[in-house]
Amino acid sequence: MSNAGKTGLVVTAHPGDFVWRAGGAIALHAKKGYRIKIACLSFGERGESQFAWKEADATMEKVKAGRRDEAQRAAEMLGAEIEFFDAGDYPLRLTEAHFDRMVGIYRELNPSFVLTHALEDPYNFDHPNAAHFAQETRVVAQAMGHKPGAKYTYSAPPVFLFEPHQPEMCNFKPQVILNIDEVWGIKRKTFEILAAQKHLWAYYERVALQRGVQGGRNTGKPMTYGEAYQRLFPMAMEELA
Amino acid sequence: MSNAGKTGLVVTAHPGDFVWRAGGAIALHAKKGYRIKIACLSFGERGESQFAWKEADATMEKVKAGRRDEAQRAAEMLGAEIEFFDAGDYPLRLTEAHFDRMVGIYRELNPSFVLTHALEDPYNFDHPNAAHFAQETRVVAQAMGHKPGAKYTYSAPPVFLFEPHQPEMCNFKPQVILNIDEVWGIKRKTFEILAAQKHLWAYYERVALQRGVQGGRNTGKPMTYGEAYQRLFPMAMEELA
Amino acid sequence: MSNAGKTGLVVTAHPGDFVWRAGGAIALHAKKGYRIKIACLSFGERGESQFAWKEADATMEKVKAGRRDEAQRAAEMLGAEIEFFDAGDYPLRLTEAHFDRMVGIYRELNPSFVLTHALEDPYNFDHPNAAHFAQETRVVAQAMGHKPGAKYTYSAPPVFLFEPHQPEMCNFKPQVILNIDEVWGIKRKTFEILAAQKHLWAYYERVALQRGVQGGRNTGKPMTYGEAYQRLFPMAMEELA
Amino acid sequence: MSNAGKTGLVVTAHPGDFVWRAGGAIALHAKKGYRIKIACLSFGERGESQFAWKEADATMEKVKAGRRDEAQRAAEMLGAEIEFFDAGDYPLRLTEAHFDRMVGIYRELNPSFVLTHALEDPYNFDHPNAAHFAQETRVVAQAMGHKPGAKYTYSAPPVFLFEPHQPEMCNFKPQVILNIDEVWGIKRKTFEILAAQKHLWAYYERVALQRGVQGGRNTGKPMTYGEAYQRLFPMAMEELA
Amino acid sequence: MSNAGKTGLVVTAHPGDFVWRAGGAIALHAKKGYRIKIACLSFGERGESQFAWKEADATMEKVKAGRRDEAQRAAEMLGAEIEFFDAGDYPLRLTEAHFDRMVGIYRELNPSFVLTHALEDPYNFDHPNAAHFAQETRVVAQAMGHKPGAKYTYSAPPVFLFEPHQPEMCNFKPQVILNIDEVWGIKRKTFEILAAQKHLWAYYERVALQRGVQGGRNTGKPMTYGEAYQRLFPMAMEELA
Amino acid sequence: MSNAGKTGLVVTAHPGDFVWRAGGAIALHAKKGYRIKIACLSFGERGESQFAWKEADATMEKVKAGRRDEAQRAAEMLGAEIEFFDAGDYPLRLTEAHFDRMVGIYRELNPSFVLTHALEDPYNFDHPNAAHFAQETRVVAQAMGHKPGAKYTYSAPPVFLFEPHQPEMCNFKPQVILNIDEVWGIKRKTFEILAAQKHLWAYYERVALQRGVQGGRNTGKPMTYGEAYQRLFPMAMEELA
């Protein structure tokens, strides 16, 4: 397998998202030799750390440090590097500086694909905000007049939207089922780093199993664990099968 | 290239459709070694033969014979075989016997893909009828209780919908752009068999060019001529790029 | 005003529909000199004659005769002619013979527009059936191979869908508001022919008033009574205002 | 709890459907004192009995008898009565006689609700056919001119669409989550009657668990097992909470 | 009736909105014993006070004072309290401080339901802005890291979207019809406080009557005046009727 | 032709857009005597000037000056005046001052129509931003409390959305096809001012030809070159043909 030099990018609002929703894709491509980078826009410190805030001596610094540590370890276990934007959550508030940095990452990485959130989510507005940010910076990275003179090779990559918590409520359509059988063990083990969200371990194991059944049914090839994605753009093909 | 034994199926309401909408896919896969079969549900004798009816001595038999001959030659030039259902057009009226035969074709062929019309078309109701027929028979072919005892291997294939004449009016979304550069010459030459629809030659050359631009833009790889398809079902992937 | 020779066609499932939904358009164009023809597919004898069935001696013949008489008088008051298909209602069951007759009417009339039901209606399946029938025959009337040899001039007319009883539930979008102020008196008076549906008189007067307010608001020109329609096809324009 | 005299109706294409998709609703309302009737349109003999056809001596009669027996026992375990239409499957072909009988059932039962399939299903065309049939007969049952003179009380009931196998592919929106905790044991046990579809037991247990999580999340009240439904019509309320 | 301690929240862009669109729900729940609070984001001083600006000596202060007074009296007549955000209108410009205050209100009130604008409105962009604000703050109020240490009980309430001026243009679907017969007199009387919008009194009386007819038709129970709402989230049910 | 005093407005994100997408409408209405004004929000200096940035000595000032000059000449050739907002592109960042100026233009011009971008465009976020800006200012211009005391006549004009580069991906529906035959020569010649985008000349000539075919097919009147638009609001009509 010669994927040397290939890269993939994941843009995620909170730490848990890249584990539950894209952990399989990350581990799989890492194993195939891709360099995978996660742009983690917040620590989920306000809205996704209920457990931590129940500690008597919780402070914003402590909560953020705890979640950063978890996210770092989860990324490592999956085989990815991670960069934190620390943009705040609930609500996620992205600035011009974040925008420029994200454009820079696209250009540095020139990824073969980018994974991000679904376009709608009435349960969590940070998610569509992150998706919009990932999309807009992906386009701006093409603009020669953005930081003219910089040296880079960049071609806007295909976008895959990952499955939200309640897919039908987000108008999510599964168009791609990625077979994650060979890395399921890693993904499942990474769940355990997110110790405080133990109630979601079984939930997302069931999601993977349901998508596996669907992946098998739609293709006739056996699949046990799957991850569903929606494509944003047409794909070019050389052959239909 | 070893596609020996692979097959593809095209289900089309009228003869012109498989040329304008899928001629590239047919020629391309034929060239790659696929056996391609076209199920041509009518001769287009009533609604798509205006020229022929202008002849003083036109009769239904003559018109059908003329269109059958054209369709036969077009299929040959593209490298495909063709089976005529003679179900009538404007309106297309499919019977139980047609239904059973179509199920039989799916089982005989066990195709790697099936191409058919878009799901809606307010300009031509034969098109969605044909698409519905192609879909329903594809499912029934899986039923062991349909002609029990028959011997066959069958797995329901992925469905690709071809581009209608006015795509936005049919809620058609191009999800796949097939690069047909290497067979464009054949497709274009096949247009000329459809001598009476000369006004459409340029129209569908422009369609191929526009889709080629889009195929190139969406992937960064050059493409001159394209054919657009919409997928009906999720695809399983082993890698996202 | 010189609309001599111009015609309009209305395809309706039941008698009440052409009064409540298109009475203004009919009266208005009749007044402008159009010949308007109503194709009334059933008498509404089973599902829209609850009052009549409460009579002790009601029979199917009596109920149909009563509704036919009402429909005839309503058409006359609006200035239109009417042809009955007597295809039955609840459910409407259209045959090949009805299909051929409808094609014949399109060709005889060569209308400038056709009005029919909305494409969906979960409260009344006769409505979308009638709309589908109106659309499919409109297309087939173009086919030179349908009754070849017949002499006629025909160009498929623009289609306007009339407003259903509960528009949002039918995914109806008002794209055209027709100003019916100058014929409102006639439309309202025609309501009274439908004596048994007195409870709908006020309902449809309110509909006309609401659409009038919207017509005024969307254009800046005053309008008191309006009728809403949805277009099925793009319109060609020579000027955008 | 005094639901004496209340009834509910389930219209289902194949036997498995009422178990996987509505078994909880059936058992729950049966327990609450409702009389529940299942209209089972086919035995699933052609398309949903793969196991049975693998028997060396399988015949259509044997397969149908086997599935009828299973369906009968499943209905009993859930607390419902069942009526078989024997309309055939793959494809389901409903006749005028089936139509009249279905209208008759609506009038005999005058149900408080009707449960049926989702409106779309590209994996199984019997499902939307059954849903359309359930809807159209529900409306026709209101028509006084359908079998005039009959004595009955009938008011068209609210419609709930049950969750299809791949909800996003069927444009299914979960609008109602029914808490089935108190009858989960019965539903799960009924799965075991469908011995040949053992691979679906775990699949539909996971579906119930996921919907339970969603039911809890959307309401703040704990729920372990849920069944999702989509409403077809607005509901009237006297209070918003 | 024991609704002691229950509360409801209304988030509205301009003063008129809570009267025309939700006046019935407010009065009804107030009568049932709920504490109802209106968060009125602007006075509608720029865009919804055309009459006031026609006064020779109109100033921004006078216009705002006039509309505040009206809104206050309208809230009182309906039985609700009102809090003004004074965020400006045309366009509505909401700040971080407004955001925090709105989160605070959700937590103080812990409402059983929240009513707000439809998600789209091409005639008035303040409306979808207000709806987005109401939704996003509803979610953030759940975040323990938002003002950690605060004491409150909060569970995100169901959201009901109220009917916009031109519902089809806003993709509004009426999913709930609230029976407001018993408070119609109060709602109608409140219209008169909005003296300058006299032309809307009859308009919204007709809206209430049309929704009443639909509420009756969809349920079989008589209803004269209704208010339509769209739900944003699934509802959990214990019984389907 | 007496269109003296009539005006039209075009709101465009970048200079190329008004040529490719609305050049025909501009030239046609200019020829008919309308005063046409283009509000050009940016120079496209960062994202749509790849060619210019390839020059060794390119600077932001030079690029902007070059594109301004081109845009000025293109507007002149089409017969329109142009006002530059210089709001920056990739991303377009519109301020309160831009907002106020745009409102001012609406009031000064009181246009008979406004043309702007489609509502969605995943390839270019400046386009939907511009469309939103054009819509919101169109509404605010009606507010008497916006700069009270100003003297003007203003009625919010109909909105036509112009065709994006990849229409299906933007959910664009062609509802109006404008016949631009008599000004095609001018439009085509204007393409040549955009010398650096030579690869788009043929692309947009093909777009015009395809829309011409569709315009002819939908109306029966011959048309060679067309421009497609989507309407945002219902239109009032006095006659349906």
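We call the chains A, B, C, D, E and F, going by the order they appear; numbering starts again at 1 in every chain.
Just so we're on the same page, a residue touches a chain if its C-beta (ideal position, glycine included) is under 8 Å from a C-beta of that chain, and two chains touch if they have at least 3 such contacts.
Just so we're clear, the structure is a prediction, and the values are computed from it rather than from any experiment.
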| item | value |
| --- | --- |
| Set of chains whose contacts include both chain E and chain D | A, C |
| Most distant chain from chain D, judged by the mean position of its C-alpha atoms | F |
| Taking each chain's C-alpha mean as its centre, the one farthest from chain A | C |
| For chain A placed onto chain F, the superposition rotation in degrees, Cα atoms, nearest 5 | 120 |
| Copies chain B and chain F touch via same or different residues, half shared test | same |
| Chain pair repeating C-E, as identified from B-F, D-E or A-F when over half of the contact pairs by residue number coincide | B-F |
| Distance between the centres, which are taken as Cα means, of chain C and chain A, whole angstrom | 53 |
| Cα-centroid distance, chain A relative to chain D, in whole angstrom | 38 |
| Distance from the mean Cα position of chain D to that of chain C, given in whole angstrom | 37 |
| Residue numbers of chain F (touch at least two other chains) | 123, 169, 174, 214, 233-234 |
| Pairs of chains found to touch, sorted by chain label | A-B, A-D, A-E, A-F, B-C, B-D, B-F, C-D, C-E, C-F, D-E, E-F |
| Footprint of chain F on chain C - complex, ascending | 6, 8, 25, 28-29, 32, 112-113, 115, 155-158, 160, 174-179, 214-216, 218-221, 223, 226, 228-229, 231, 233-241 |
| Complex contacts: residues of chain F adjacent to chain E | 99, 135-136, 139-140, 142-146, 148, 232-234 |
| Chain C residues within the chain D interface of the complex | 45-47, 49-50, 53-54, 58, 60, 63, 89-91, 122-125, 169 |
| Touching residues on chain A, where the partner in the complex is chain D | 123, 166-169, 172-174, 202-203, 206-207, 209-210, 213-214, 217 |
